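As written, the chain order gives the labels A, B, C and D, with residue 1 at the start of each chain.
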Amino acid sequence: MNANHLPLFEDVDVIQVGARNMQNFELLKELGKTKKTILLKRGLANTFKELLMSAEYIMSEGNENVILCERGIRTFETYTRNTLDLSAVCALHELTHLPVVVDPSHATGRADYVKPMAMAATACGADGIMIEVHNNPAKALCDGAQSVTPDQFDDIMSRIKTIREVI
Amino acid sequence: MNANHLPLFEDVDVIQVGARNMQNFELLKELGKTKKTILLKRGLANTFKELLMSAEYIMSEGNENVILCERGIRTFETYTRNTLDLSAVCALHELTHLPVVVDPSHATGRADYVKPMAMAATACGADGIMIEVHNNPAKALCDGAQSVTPDQFDDIMSRIKTIREVI
Amino acid sequence: MNANHLPLFEDVDVIQVGARNMQNFELLKELGKTKKTILLKRGLANTFKELLMSAEYIMSEGNENVILCERGIRTFETYTRNTLDLSAVCALHELTHLPVVVDPSHATGRADYVKPMAMAATACGADGIMIEVHNNPAKALCDGAQSVTPDQFDDIMSRIKTIREVI
Amino acid sequence: MNANHLPLFEDVDVIQVGARNMQNFELLKELGKTKKTILLKRGLANTFKELLMSAEYIMSEGNENVILCERGIRTFETYTRNTLDLSAVCALHELTHLPVVVDPSHATGRADYVKPMAMAATACGADGIMIEVHNNPAKALCDGAQSVTPDQFDDIMSRIKTIREVI
């Protein structure tokens, strides 16, 4: 994605900036000139403060509709695709007023870890969860290994709702 | 700590192997000859599989009373003391039958993050939580910044209980 | 930098893709349509193989004039700005025919480490060295701490030449 | 290895503390009471300063014969066994008077990278190089993949000597 693609997103509600674009400052500035809500994903090797500085690139152009997203960082542990850093929820809530969303699908890379990690993210105060869903994960063109089925999604949602009620 | 200190622990219930001793194989083998429950903490740069191999050093000597503990790994992010890797709970439960405990105090290094991270650990299925408590954290000889007061501990416990009831 | 800036580079010989743009695939594809030599820097958390895949984005569009650049990766060690990974020279020479350049200035972030690291890079077979030079580092608008003076640069060059002659 | 094994080392000149024992403080203190030269290897996830603090554990007991050894750190890059951090040579020479040795065999895990990395280590001022040699690496009981033959070792030594003469 680059800034020239923006007209293609006219009728969408939220534009996602992927982890690899988190420090694509030219793109961030262009997104700051729109009024779209921007979902800004943390880069694989970027600190909380760098994530906030990238949000500043968007906001300083006038668009304050930014959602931050923790989606796992790159570490020495390769059993999971990335390492989901849930302390990011605490730290970002401390450092900013922006909403913080968690993506357990990309972080873990495994469908069977999505439910427990979505529940954990909810329990520590995430403002939203972003989950990859596919009606037939085995046939997905990409990211099938981390996709849950609609039935599994329903189950996750009901667990999340229960946790939200008690916290 | 080394194996010569073991007699000092005669009347304790659980012996903790700290993160820096996770691959002190001589010590692990000695602990395997006791009947004490061993709380084995994950090293700062050790994978899930290495943690299990360290547990094997203990169990292969005859002591199967091993509890695994996720206490944060070392990454590029230094805002928190370490990065708490809650996917460890899922992965270790998948790879072994051993109980998995989470230590949010050492992982985050910050008293105000202990509560949300303890709740998250509970929500994703941790078998136990290990929390640093001090009646006057400001005067603690060490680890004061990550210690909660007894009142805060009560509050955390009541939140954890509520979450355990619904999951 | 984004693809729209390309006309500004009409009369330069080499276009550098910075570490944060290594996976800006839209930009890479546009650069592949030019005939300029592209200096492609390794991202802060990108593997050797990912660096090569980014080079593929450029070359698959027809531009095979790609130089790879090791400029340090992000690790837990913060005494140096990044960790210069000189094994990259060996690995990339093994995996590809593309030339490999080393940037000790950005990697270490310290002017006094540039000379020994430039000598080391030469000794292990780097095809080029990229060094930040400033006639008055103390007054540099950016990156002064890692900039050497012209006199220091002369000294480094003479050392590098000597090493190249013997290897 | 633990402190009880020390009598076995009566007639050796140098005792090596492996990377996994770098923060085995009980062992370090016992070694400090001997007069042996101690080769202290940097832990896989330990900073320069932590390495120096471990050296202090030895020296504060009266034994100042400590050699520091850079042997690679654990990062996200798994193409090499570890990431050899040659800036350690510069940093440790700046921070201490202790000699600094480099182990390219364990760091890279590959016999064909040992020669260029040994040359690089020499060029940036390492006080010594530690190389794994085996007369038949294919039959080595361990670490064969990173072992060079005596002939290869001779070749490496002659290259190192040439570089030392010119720097």
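Everything below uses one rule, namely that a residue touches a chain if its C-beta (ideal position, glycine included) is under 8 Å from a C-beta of that chain, and two chains touch if they have at least 3 such contacts.
If you're wondering where the values come from, they're calculated on a predicted model, not measured in any experiment.
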Of B-C and B-D, whichever chain pair has more C-beta contact pairs: B-D
Chain at maximum distance from subunit A, centres defined as averaged CA atoms: D
Where subunit A and subunit B are represented by their mean Cα positions, the distance between them in whole Å: 28
Distance from the mean Cα position of subunit C to that of subunit B, given in whole angstrom: 42
Whole-Å gap between the CA centroids of subunit B and subunit D: 31
Subunit B residues counted as touching two or more neighbouring chains: 45, 74-76, 78
Residue ranges of subunit A in contact with subunit D within the complex: 45, 74-76, 78
Subunit D contact footprint on subunit B (complex, rising order): 1-4, 20-21, 23-24, 26-27, 43-45, 74
Touch list for subunit C against partner subunit D, complex: 45, 47-49, 73, 75-80, 83-87, 89-91, 94, 107-108, 112-113, 116-117, 119-125, 159, 162-163, 165-167
